[in-house]
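Shown next, in structure tokens, is the structure this report addresses.
Letters A, B and C name the chains as they come in the text, with residue numbers starting at 1 for each one.
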């Protein structure tokens, strides 16, 4: 089980780990599941903490747009870095290499655009450890597929929360992510369009999925 | 660690945990800005159009594809331009008939599509034609015809039994006794289709509803408007069943009303 | 930490598969909005030209209602569903192209059903279509499908910001990305770049309607009935 580095750093005396087990999860997933079961709030030792739901699911507003775009930017940072490292690793050949080049270019452009939109309010780029998935073609493709499908679900989940002024930008990005997803899937001989309606996932669900990869290390 | 200890450290722990998630999601907590706006720069669209224009690409010659009588589906198409139907799928084929876009009743002239073939990048449709001699087929360039319209019904008239049966797929869903053409004006045998449906006219001779077919009298060749065989009601139902008409198929008015509720125009018609 | 764990960690609890919002559940609520506002469009047969004219009338008016937008989307979905369904039936496709057509046909029919359900009595009827051979040859099908899907992406992107109802918006967004997957897929089959640009461009309703009209696919269908005059059959 991958431990979240930042969590360990604050859990010097193991208090959190115990609370974690106390909350009924022997696994990180179980803990998060319980934590988010109440709509994104964390319950710890009987104390209810207002958690993430206030962020990203309130009525559309320019302030909320900032939060959502920073959420998107975090995902784009992740994707951009993933493809950048994969392209640099020399492990890719043929169409996988071409995909990493083209899609990486798009994700880097998405990062640049969102940073430009957010200006001083843009979050900083996290640090990443892709755990070898950028250094092996099979792992690269499997991971790319998951990342792109996740990106689609993330943007579609936030679309209704954005102001009308910001939605066009999200719309022009999400369809590109969907194209990426279908492209990877077709290379893998999986169904490029597995559903008639694409999933839309909430911010907590996306964060849970991304956290679970352990790719973000700080 | 006991619960007591946890409760005491609980709030600090919870706060730390919250900061973990916030830190993960948002990096350094941005300075709060009550008026926080997003100054969206113009979205950097590419200046090139990515939508390819439709290019008609020629393809190889293919085998004829069946369009009708397959799995109980038949297809008819409107004639959208005046066009010559030919004996072969080729512009140099002998002209079998010239088709106009309208019937004498003013409805769209339609043909029953049987097969499709591609020749030198062009599609040709082999169709049943509403011309004499009866049962004539001809090849028509697909671009003179409209879209495919599907029907799953099939009307079969057995002359010597004086009975008509409507099928949907293989299942009979309606039948009735009929009057047919007198010996000197026989109802033609063969494969045809229902061309149109007429209603709200004044003549009681035809009952409330009349269907036009692609079949034509082979003997009443001077009949105005081409001598097309119709399927219609009557003001002399006592004559049915029997050989009674100039070629048309006559039904009791109640029967044709039921038929009209079940049979769309374009339905293939077999007269046996 | 194994490599396998990384992927398993993401999908372990079915996070990716989890659907947090059901589109259907909110459809009934939104229908109330439609029935009040939709004055222009009504059910019943409308000839192709009349339908396009009706849609175009409200195309970029600031007051385009959710019903207008949903009916615009429904018309495009009617077209796509009919195109792919006919292509499958015509039997001219093989291999990956045939598989693409089968799967996409089912999606588009699902989109039609969902939009009709959301609109209820306000749903426009399907126009008639003449696909002019593009469903009957593999080469023409491939080129046409690529254009239709790219167009669908631009259509939904153009309308999403104009939609008021959250339920309709969620449905539109969920369809929008599926059309993008279709577009990428057929492009890949065709040897064209699946994702040609980093930011997909939207198009207005006017632009989309003009493009669709230009294909000639929407037709009024043959007139098969007549009234008033006595039959001239042999009798």
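A few remarks follow.
Criterion: contacts are C-beta pairs under 8 Å (C-beta built on N, C-alpha and C of every residue); 3 or more make two chains touch, one makes a residue touch a chain.
Here the structure is a predicted model, which is why all the values come from computation and not from measurement.
More C-beta pairs in contact connect the chains of B-C than those of the other pair, out of A-B and B-C. Central chain by Cα centroid: C, whose mean Cα position is closest to the mean of all protein Cα atoms. Averaged Cα coordinates give chain A a centre that lies 29 Å from the centre of chain C. Rounded to a whole number, the gap between the C-alpha centres of chain A and chain B is 48 angstrom. With each centre defined as the average position of its C-alpha atoms, the distance from chain B to chain C rounds to 20 Å. Looking at chain B, residues 43-45 sit in touch with two or more other chains. The set of chain A residues that touch two or more partner chains comprises 109, 113, 168, 172. Among all residues of chain C, those that touch two or more other chains are 197-199, 201. Of all residues in chain C, those touching chain B in their complex are 86, 89-92, 128-134, 136-140, 143-144, 146-147, 150-151, 154, 192, 196-199, 201, 215, 219, 221-235. Chain contact summary for the complex, chain B toward chain C: residues 43-46, 48, 50-59, 62, 65, 73, 76-78, 80, 104-108, 110, 116, 118, 123, 142-143, 146-149, 181, 185, 195-203, 205-206, 210, 212, 217, 220, 223-225, 227-230, 232, 245-248, 264-266. The touching residues of chain B, counted against chain A in their complex, run 1, 3, 5-7, 9-11, 13-21, 23-28, 30, 33-41, 43-45.
Listed in rising order, the residues of chain C touching chain A in the complex are 1, 3, 5-7, 9-13, 15-21, 23, 103-104, 106-107, 110-111, 114, 153, 156-157, 160-162, 166, 169-171, 173-185, 188-189, 193-195, 197-202. Per the touch definition, chain A reaches chain B in the complex via residues 4, 6-7, 10-11, 13-16, 18-19, 22, 42, 44-47, 49, 51-52, 55, 62-63, 65-67, 69-71, 74, 109, 113, 116-121, 123-126, 165-166, 168-169, 172, 203, 207, 211, 216.
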